[in-house]
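Okay, got some structures for you below.
You will see two complexes here that share subunit A, one where it goes with subunit B and one where it goes with subunit C.
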Partner chain A sequence: MRKPEPQVDWEARSVTIVLGVMTATAVVVLIAPSVVILLTSFTDSASLRFPPPGFSLRWYRALFDADQMQAAAWNSLLVALWSTLLSAVLGVAAAVAVSRSRSWTARALDGLFMSPLLLPALAFGFAALIFVYRMGMRPNLLFLIFGHVIVCVPFVIRTTLAALSQLDASLEDASISLGATPAMHFRRVTLPLISRGVGAGAFLAFMASFDNVPVSLFLADERTEVLPIHLWQQIETNLDVRTAAASGVIIVVTMALMALAERFAGLSKQMR
Partner chain B sequence: MEWRRLSLALPLAALFVVFFIAPLFVLLGVSLSTDMDTHTFTFAHYVKFFTDRFNYSILTDTLLLGLKATAVCFVFGYPVAWIAARARPGLQSILLLAVILPIMTSVVVRTFAWIVILGRQGLLNQIVLGLGLSEEPLRLLFTEWGVVIVLAQVQMPLMVLPILSILAKIDPNLADASRALGAGEWRTLWRVTLPLSVPGVIAGWILTYAACVTAFVTQSLIGGARLVYMPLHIYQQAVGANNWPFAAAISIIFMIAVLCVVAGLNLLAAKSQRHAQA
Partner chain C sequence: MTSRGHRVDIESVSQRFADYVAVSDVSLSIGDGEFVALLGPSGCGKSTLLRIIAGFIHQTQGRVLFDGEAVDHLQASQRGVGIVFQNYALFPHMTVRQNVAYGLQARKWARDAIAPRVEAMLARVHMSAFGERYPRQLSGGQQQRVALARCLATEPKVLLLDEPFAALDKNLRFDMQIEVKRLQRDYGITTVMVTHDQEEALSMADRVAVMSRGRLEQVAPPMDIYDHPASLFVNQFVGSTNLIEGELLASDSWGSKVRLGDGTIMSAASAKGLANGVRVVVVLRPEHVALVDESSGEARAGRIKSVLPLGAQVAYDIETSDGASIKAIAARGVQLRRPGEPVHLTSISSANCHVFAAVHSS
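The block that comes next holds the complex of A and B.
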């Protein structure tokens, strides 16, 4: 190949510069809200002015007395942990079932399990509420968790399917011919090899559940009020600085979890 | 063997039948009955929706909102994916984490942050006033463009990730060949790279669009009470007005509308793939 002359290729450079500037703009806009709310949460005043006139930890201290908010946070954690566990177990089993199969049933099941990602979640939440009432029952914690599993399980299935597609099919033949039962093969060979994909999916499912509003809006009651709904109502009624402090906690915990997920499950690669 | 394997999907399939498919059928049933107690069959709620300009315009507003936000996502998301595909692995991870961060942070928190930025005395207005770009504070909250910007920020990863994964698969020799044949960098981007990445672009459009039109929290907090989109409309009719059959009818209409747009994009994807193979 002919090497280009040493003179600068301005056209090539202009592409990089234009797209680079747009990328930089996008990154600033992507990051700005998190930074702004983090700084605001350390304000020493009672308003949400940015930049804050001075810094203090008073709103974080105020969180210790926010009983309702704490109760909502525990509810959210409980629901998210159960939904993640159920999504991981049911989702991995389903992913193993439909992977590598080109049959009509497997395609249809795959489409069904993915459809909550595309259907308006609020419409599903409302449908679930009507359904529960029609069966003569009231919304409770179990229904709330089931509702969350429906909207969270696609994340587990997607990353698990991607991990399974990387596996060599002859691995299974090898371990079966060496006398392993399918269950043994799954536990000793498949599961360790797909664990990063499953981990990334479980992380996404947890975040999706912890953050869910459209389903919880209909399936949670006063006793099972979850954090995002509590915060949403706080923001709608009065812009309280304690909400900013709670947001600060959520952002820091999210970033820490993301760093862990990146380190142990290669999150940014799994999401592609 | 095939059936034994498929049986592993049974538990989840059972949950979906009982808690996903059955509720959707009940929703359809309720939308076709006069009220919650008598089960008289009627199309009245659908007729009401499509004959009332107010209802009808909410649907078109919502579908257009999704289109605008998705377009903004694409205009900025494609360069991000293009740069990330060429970046060193370390820089690429950082870029990707920056893109993923918004979708991971709670949607309520994210939207709350935007209220602080876009408000009358918010950060953006301070900058605009400080630079003397405007005499009085701009109205950004409770406007459609405010909603579009926030939606674009929030849903950006859904656009960037599919495009990036396809850009990473394109044979770099094709771009080299294009340059060797005398095409400039812009022409190569426009005539080689972009057409080859169409499947990823359409996958990104589908995911972003579906997420934008249904983003209840962002729409209601940034749009306020006067900008009503379909999810808020459903919520108001169901919880505020307690009119479940009508809320069910608009839910069904909304779902079908979203599925039609998604199906249309899927058709485009299939068509472009045939085109690429031909």
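The block that comes next holds the complex of A and C.
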């Protein structure tokens, strides 16, 4: 009898190699643009050239005097905060209602609430604009926030539903039999136990609102220009290098927020 | 010892889910301070009945009364019923103290009355040292003690236990059964326990209500359930049994004679309400099987197939001459038999051989 030779499993190895290459490509494609924009933002020249000829902080310094850009950033922040707050309240209410009911209508409503994730936001923004004019009104800050809520609320509903599905049904029976009203049960038991899921959803909603272009494009009035649209216009008209610096700030702040969300809400766990 | 018992009456209660009847015309009166176990296989309706008493389900028909007053219009939160769940259902984000205080807060106790009450309850279940722990930091038995304290703190009229020991391992289960029984006695609280574990039901309850397919099969003290089962189902479900088929030859109020497949005539308990000549099953518990060496009038011949030492007792699996299998349990002190050994089987007493009409298997 011959000694069995150690066999190289080419099939398994090729799968590993192909998957490895695909993962690496995906990582590069996802990260490279951010790296490029970050590097460009530190340029010392007056053009958006890559790689930059030299490095300086002059464009970040220039941000302090960019009044219009700062105004747009405050507008975006204001809209995002209100949208997040409203999305959280409405999303939690919708998720609780949907999770309690097994009826046909509850499932249909769930699908309806989720639809902004699938439908083109551009079409929704345009339709919303027509709707506003049809009501005899003009776009304003309130409509802008409402529009953002509609596209942001699915994130809260999804993560909240996931958190609710983890809850043990006997907790509610125990709570009620101890004499708790539904309101007390929700405030003292349900809400604390789903808070991480709600927090994760609210974070996603905030980010979705902050960099939303399609809805803002239609529903923002002349006075409330939001940051993504302002940046777009700056690039389009005069290749302003300050946009790269602004993008750099957004990238860093986003990463910091993500780290915080991961630390305190276990963001990635809530999204599984 | 103060009695805090309340009477519970269940009057012709039925529960239908769509076209499925979960509970069918059940009536049961539970005296104040009494401990009743609802025993049955899964799907027999015992849990549904418990949820009806608790007020989680509003029964399709019938009434539930506490101390003679109907409680059907009261929501679960208003009934004053305490429940201990199989998984304890402690609030995971609250400490032991906060868990026990929850019901008192819900019932709007004064703030300065809550803290001493919580401490007193924790002391009763020997959990005073664990007040600041979270449920996940406790063992199963400790969690159950907290669940009991939480539920008894609000002085419920009725204590409901839903498969309370199923999640505990065997040694701990025994300790907790003693503990719960002690608390129940101390409080004198009317208690209904749902279980599929017959030993648990027999050892803890004052009366056992055996359920099958939504109906009450028998309600009786544990020993009566065991010694005088009212139906074949009860006899088979409670304890271990041998089923021996035969034909009823004669029966009077003292006893009966049954002819078995191999021609032997067996003396059995009275077969009430059965006509001579019908097919019957004789049910004989393993501990009522006597093994003898000599063939006598009624003994059947057999051979020991396997021997299972169970500690204090020995179980034998015996094959009779006509191929049937009979289980027998004997004390270990008696002569130990070996596999392959021929024996003769008889019953210790004909009163222990219960006769029921054979179930027609179609």
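By our rule, the second predicted complex is superposed on the first by the 260 of 272 C-alpha atoms of A that agree within 3 Å, B and C clash if a C-alpha of one lies under 4 Å from a C-alpha of the other, contacts with A are read in each partner's own complex, and residues count from 1 in each chain.
In the analysis below, a contact is a pair of C-beta atoms (placed from the backbone, for glycine too) under 8 Å apart; a residue touches a chain by one contact, two chains touch by 3 or more.
All figures in this text were calculated on a predicted structure; none of them were measured in a lab.
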Quick one: is A:Q68 in contact with subunit B, with subunit C, with both, or with neither? Answer first, second, both or neither. neither
Contacts of A:S56 with subunit B and subunit C, given as first, second, both or neither: neither
In the overlay, answer first, second, both or neither for which of subunit B and subunit C A:D168 touches. second
Winner by number of subunit A residues touched, once subunit B and subunit C are compared: B
Which of the two partners, first being subunit B and second being subunit C, lies in contact with A:I130: first, second, both, or neither? first
Mind working out whether A:G179 is in touch with subunit B, subunit C, both or neither, as first, second, both or neither? second
Is A:V189 touching the first partner subunit B, the second partner subunit C, both, or neither of them? second
Looking at A:T105, would you say it contacts subunit B, subunit C, both, or neither? Reply first, second, both or neither. first
List of subunit A residues in touch with subunit B within their complex: 1-2, 9, 11-12, 14-15, 18-20, 22-23, 25-27, 29-34, 36-37, 40, 48-50, 90-91, 93-94, 96-98, 101, 103, 105-106, 109, 112-113, 116-124, 126-131, 134, 143, 146-147, 149-150, 153, 207, 210-211, 213-214, 217-218, 227-228, 231-232, 235-236, 239, 243-244, 247, 250-251, 254-255, 257-258, 262, 267-268, 271-272
Given the complex with subunit C, which residues does subunit A contribute to the contact? 168, 170-171, 173-181, 184, 188-189, 192-193
Per the touch rule above, subunit C residues touching subunit A in the complex are 54-56, 75-79, 81-83, 85-87, 89-93, 102-103, 105-107, 150-151, 154
Note which residues of subunit B are touching subunit A in the complex, please. 2, 5-9, 11-13, 15-16, 19-24, 26-27, 30, 75-77, 79-80, 82-84, 92-93, 95-102, 104-117, 119, 121-123, 126, 149, 153, 156-157, 161-162, 164-165, 168, 176, 180, 184-186, 189, 206-207, 210, 213-214, 216-217, 220-221, 230-231, 234-235, 238, 244, 247-248, 251-252, 254-255, 258-259, 262
